[in-house]
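Okay, got some structures for you below.
Note that chain A is present in both complexes that follow, paired respectively with chain B and with chain C.
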Partner chain A sequence: MKELFIEIYNKNKELINANSNEYLRLLRSNAINIFKENGIPSNKTENWRHADIEKRLKHDYYFDFKSKSTSMNVEEIFKCDVYDLDTFSVTMLNGWFVYKNAPITQLEDGTIIGGLSKAIEVYPDIVEKYLGSAADMNKAGLVALNTAFLQDGLFIYVPDNVEVSKPVQIINIVNSEEKLFLQPRHLVVLGKNSKLTLVHCDHSLVHNINFSNTVSEVFVGENAMFENYKVQNIGDNSSLLTNLFIQQKNGSKVSNNALILNGGFTKNYVDVSINGKNCHADLYGLYLVDDKQFADNQVFVKHAEPESTSNQLYKGILDDMAKGVFSGKVLVNKDAQKTQAYQNNNNILLTDDAKIYTQPHLEIYADDVKCSHGATVGQLDPDALFYLHSRGLCEKTARQLLMYAFASEIVNEISIPALRETINIMVEKRLRGELSICDQCLLHCNDKETAVFNIDLNKI
Partner chain B sequence: MAAAEDSNNNLKELAEKDYKYGFYTEIESESAPKGLSEEIIRYISKKKNEPEFMLEFRLKAYRHWLTLKEPDWAHVDYQKIDYQDLIYYSAPKKKPKIESLDEVDPDLLETFNKLGIPLEEQKALSGVAVDAVIDSVSVKTTFQAELAEKGIIFCSFSEALQKHPELIKKHMGTVVPYTDNFFAALNSAVFSDGSFCYIPKGVKCPMELSTYFRINAANTGQFERTLIIAEEGSYVSYMEGCTAPIRDENQLHAAIVEIIAHKDAEVKYSTVQNWWPGNYEGKGGVYNFVTKRGVCEGDNSKISWTQVETGSAVTWKYPSLILKGDNSAGEFYSVAVTNNYQQADTGTKMIHLGKNTSSTIISKGISAGYSNNSYRGLVKTAKKAINARNFSQCDSLLLGDKCGAHTFPYIEAGNKSSVIEHEATTSKISEDQLFYCLQRGIDMESAIGLIVNGYAKDVLSKLPMEFAVEAQKLLAISLEGSVG
Partner chain C sequence: MLKIKDLNVSINGKKILKGFNLEVNAGEVHAIMGPNGSGKSTLASVIAGRDIFTVDSGEVTYMGKNLLDMPPDERAKEGLFLGFQYPVEIPGVSMINFMRTAINEKRKHYGLEPLTGMEFMKLMEEKKKIVEIQSKLTNRSVNEGFSGGEKKKNEIFQMAFLEPKLAILDETDSGLDIDALKVVANGVNALKKPDNASVVITHYQRLLDYIVPDFVHVLYDGRIVKSGSKELAIELEEKGYEWIKKEAGINEKAESTE
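Moving on to the complex of A and B:
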């Protein structure tokens, strides 16, 4: 498997390195060497024990080294189903940045949004300073592979003291007859006292087999605020591998929210390095999986400096034969005194065939810290169920209501009202078993418009 | 209040003491040449006059061991062991059948007196039956006759091999097969002795059974094996203690403990592990790489592990339980203290296979000095283990800013009706508690001793009386000098 990727790299080396400057060429050749050494993570390694990536990679994937159309009118093929979500939206088609007017734009306040491949031409200073410096290629699975094949992705630069007024929405569309292998690379840089909210949406317009290996690097400046939402509602044929690296400086705040509503194979790796004082990081995750779906959340928080706090909350409901993994790790370095780090993972298993593996790990080298973690695996509270029954709710409705309540702890953390509302509806539908990837089309043909928690009057 | 004062005086007095078991006794011993080979294994087996099946077992284990690589995943760091530089068999020379204490080597007796082990019959009042094992060879077992009346077999492993080979053949390796791991394979190949305990059907063992292990000779690996079988409806409480002389070089201890509890049986296993931890610079000390596992074979059976880990330079052990019988229960209580340059990676595994099985894990880690203390544990419920219940709590206490405390729990739930809870905290001694003690006139060192003892109380209270006292003293000694 490893050899196959190296072969593809060698064959297409010219194409990959076309129009690239010296810095990128060097970065890629360095990356392919690391990949040659590390290869594809096997399920014998700790972090990949439950993720059978080999099986997912076995297909005959197609690599798109040249963007077919870089200019298109996205609205013609896609409309966002979050109706009143007011955003700056940018679109990625098959892993390439597409635009309506210009490949890279500077907003009035100085914020730069555009494609990474263009950004490296126009703003080489910024890109070269940051690109590749947070994503440790030796650490997480396929980061080296992504870097070796690095082509395009999103680039956002928020200057000092700028608060971007609207969230930036990244719409990732897959529309190809081929079995696509995508490796988008995003770079986000926030200056001092700035603020940015990002919303990622993955959509596939075809139900083909595809594999996406995304790497994002986010640099959060002093006292800056960064919020990130990722909604993953993709088909069972899709495999999604995301690697998010965040670096925080003094006084910065980060909030990351990963919502997995559907997906054949999803593995999210979040790596937060807290390199400053008085920082705070909130990491939330929700996974609602069924059938033979697989959801794996791996979180690594490093407290390198004193007086910062972090909080992880991941919740999951697993149905049918679904498999879930939570593996969280908090590392508190020797000098990171007064750190507060919390970690929590709650799971509900609905069937005997569903499986959850949870590993909340703490590694602490400082003494004046408050760290705790908790993990639970259980069922719906029978007392709560009984209460709802006694109020006349039928078994099904009562169960759905409780599951909905379980999930809403995460959903309520979403700070954008329109998005929260939509996710709420999606979660409701998901729990009723009605949400599928068809929901992304506007026809909503399986939306029967039934009231969710209607009380059965006959039973009162 | 008076009690608190007492306990403080106690602590203070003890805090001034060093590792009191660090002496070395000149006992003429007979050793095998250094190194490991099939010949050595044949030599050990022949020396011990073992039945044929035993030799075969050893050779199979050895051949398997050759195919294995030493594991390195634990959160510990130690100098690699040269397995060819160890002596695999060392026994006190004068070991003809001992009928009464008069025949025991006086030097040996002196050793045990120093250890405070009630080996002499006159100490019968303490009511503990002791099997003392020195350099992996059992020297003397007390109370054998009394136990025999009830049908209880409590003797050294080699004696059991001679007298009850069928029991050994039937049970040995069923809980920890020689294929289990690197150190288990090594032990299976070269183990020299250990304790054997068999409680027949319906018998409640009238006294605590206890084994004392001591490494004496230099450059010797200690490989002992304990096998405890509790038949239907029986009960036994078993204790194990261990010490080693102070030496500059590291010593290896790789033991196996197997416990089998049949229907309605209960086994309580307690250990105070006090191997020489190395000096304050981290020189010397025992490598404690032990495989301990129990299986609740029958319905309604129960096994509990209680351990106080204060010794060893490197500890790497996970006393585990397989809850096979329906309604069986498992418990794990642990206090692990590391000071200076000690390293501990310890915890448990609870594998739920039967219906309505339950397990409790309480682990308290205390790290001081430059030490590292990790809890690593697995709770797994199989698909058929419906209504399985687990509660785990593992707390870590940090004394000083150069030590580390780590928690690595693994939870694998395989059915919808199991309830698993895990919680862990890491903190230092609260300023408020310290201030309160100081303001009451208790000095810093005693105050810390007091708070630590209180912190570990949940576990210490599970120990049998004889051990609880020793364990409390040990805690105080281990933490000596960690303040400041």
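Moving on to the complex of A and C:
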């Protein structure tokens, strides 16, 4: 398996490195060497024991190194109408940044939004300073592979003291007749006292097999605020691997919320380095899976400096033969006194065949800290169910109401009202057993009846 | 309206109700009294349809139908209401969503259109007045963080809202101060109509100053050992349960060494 990727790299070296500067070429060649060493994570290692990545990788995938960033009228293929969700919307199509007007834009307030491949050309100083410095390629996962094949992704730079007025929405669309293997790479830099909200929607338009291996690096400056939402709603044949690395400086606040509403195979790795005092990180996650779906959340929070706080809350409802994993780790370094770190994972298993592997984990080297961790696995509360029945709610309605109540704790943490409303509706639908597509989203990712938009990438 | 004939109920092989009989007709108020552990809550739960109990034998008919054949939600839709001794806290389910779902499921059962938002809110306001329940309670999750008194008031509120034909109130008066007690009694009295009935399970005679029962029954060790009028309640309050036990010919010692 490893050899196959190396072979693809060697065969396409020219294409991969085309139009790249010295920095990128070096980054890639360094990365392929690390990948050669580390290879694909083995299911014998702790964090991959339950994730059958080999099986997901064994398809005859197609790599697209040619398309490059393209200009096109994105609205023709995709329109997200989360009611009232007023966003700067950017789109990735099959791993490539697509744009309507310019490949990179500077807003009036100085914020730069665009494709990473273009950003490297136009803002080499910023990109070279940050790219690759947070994403540890030696950490288990396919971070090295992503870096070796690095082509395109989203780039956002928010200058000091700028609060970006609208959330930036990034829509990741997979639409291809081929079994695509894509590796988007995102870079987000927030200056001092700045603020940014990112909404990340993963859609796969096709029911074909495809694999996404995403790496995002986020640098949060002093007293800056970064909010990140991931709405993961992919088809059963899609595999989604995300690796998010966040670095925090003094006084910064981070909130990450990963909502897995559907997906054959989803594994999210979140790595937060709290390198400052008075920082706070909230890490939330919700996973609603059924059938033979797989949802895996791995969280690592490192408290390197004193007086910061972090809070992890992940909740899941697993039906049928679905499998879930939560593995949360908090590391408190010797100097990180007065750290407060909390970790919680609650699960509801609806059948005997559904499984959850949960492993909260604390590693503490400082002595003056407040930390706690806990995990629960249960069924719906029979007393609550009977109470609802006794008021005339039938079995199905009562169960849905309780499941919805369980999930709503995470949904209520969404601070954008329009997004919260939409997610609420999607969660409700999902729990009713309907597919949770955004009504207004033309993609109708999971709707088998809707015709696949045929976009010939060679023509655009 | 409700006929219970020779009902025997057990849980995990332990017999709790042992030949229980009761007949409740429309327009009547029955009080059931009895010491702790005599089976009052078990009776209420079985009538409401809790499946952890096993009905070993006996018959229960409600409005001419075999009640034991009906799932609990259908019993509720057909007008049965249980006020829980220990109301359940349900975090994340708002009272508003709960009541709206309940009323609309019931309406659907009778072939009626669901209430519009406006109609529903109007009804809520109207019913809140009956039980003097504060708005903040209906805006919260079901019973979550409610005080004991608030939980009991909330049971009465739900009863007022759902307008049952037969209400069974399981110690809705325990732990209440006099003001709250009056609220509970008002709720029950407001529901009193010629074609409705209620069964009030209580420990104390106190509630019966406000809700005047037509019949008082004493439940002991799984069956009714004495029935009478309101005066029986007063007698019980004065003399305790000992004389009832004697009168019923129950020899406590003999039973415990069995």
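Note that in this section the second predicted complex is superposed on the first by the 432 of 460 C-alpha atoms of A that agree within 3 Å, B and C clash if a C-alpha of one lies under 4 Å from a C-alpha of the other, contacts with A are read in each partner's own complex, and residues count from 1 in each chain.
Here is the rule we use: contacts are C-beta pairs under 8 Å (C-beta built on N, C-alpha and C of every residue); 3 or more make two chains touch, one makes a residue touch a chain.
Every value quoted in this text rests on a predicted model; they were computed, and no experiment measured them.
Undergrad: Sticking to the clash and touch definitions up top, decide whether chain B and chain C on chain A clash or fit.
TA: With chain A aligned, chain B clears chain C, so fit.
Undergrad: Is A:365 in contact with chain B, with chain C, with both, or with neither (first, second, both, neither)?
TA: first
Undergrad: Mind working out whether A:405 is in touch with chain B, chain C, both or neither, as first, second, both or neither?
TA: second
Undergrad: In the superposed arrangement, which partner chain does A:60 touch: chain B (first), chain C (second), both, or neither?
TA: neither
Undergrad: Using the touch definition from the top, say if A:177 reaches chain B (first), chain C (second), both or neither.
TA: Once the two structures are laid over each other on A, A:177 reaches no partner at all.
Undergrad: Which one hits more chain A residues, chain B or chain C?
TA: B
Undergrad: Have a look at where A:22 lands relative to chain B and chain C in the superposition and call it first, second, both or neither.
TA: After superposing on A, A:22 lies clear of both chain B and chain C.
Undergrad: Who does A:125 touch here: chain B (first), chain C (second), both, or neither?
TA: neither
Undergrad: On the A-aligned overlay, A:387 touches which partner chain: chain B = first, chain C = second, or both, or neither?
TA: Only chain C; A:387 stays clear of chain B.
Undergrad: Taking the superposition as given, tell me the minimum C-alpha spacing from chain B to chain C, whole angstrom.
TA: Between chain B and chain C, the shortest C-alpha distance works out to 14 Å.
Undergrad: Across the two complexes, what residues of chain A are contacted by chain B and by chain C?
TA: None.
Undergrad: Mind pulling up the chain C residues that touch chain A in the complex?
TA: The touching residues are 48-50, 52, 71-73, 75-77, 81-82, 84, 87-88, 90-93, 97-98, 101-102, 105-106, 109, 141-142, 158, 162.
Undergrad: Where on chain A is chain C touching in the complex?
TA: So the residues of chain A touching chain C come out as 381-384, 386-395, 397-398, 401-402, 404-406, 408-409.
Undergrad: Could you please specify the touching residues of chain B with respect to chain A in the complex?
TA: By the definition above, chain B touches chain A via 73, 75, 383, 386, 396, 398-428.
Undergrad: In their shared complex, at which residues does chain A touch chain B?
TA: Touching chain B from chain A are residues 46, 334, 337, 347, 349-379.
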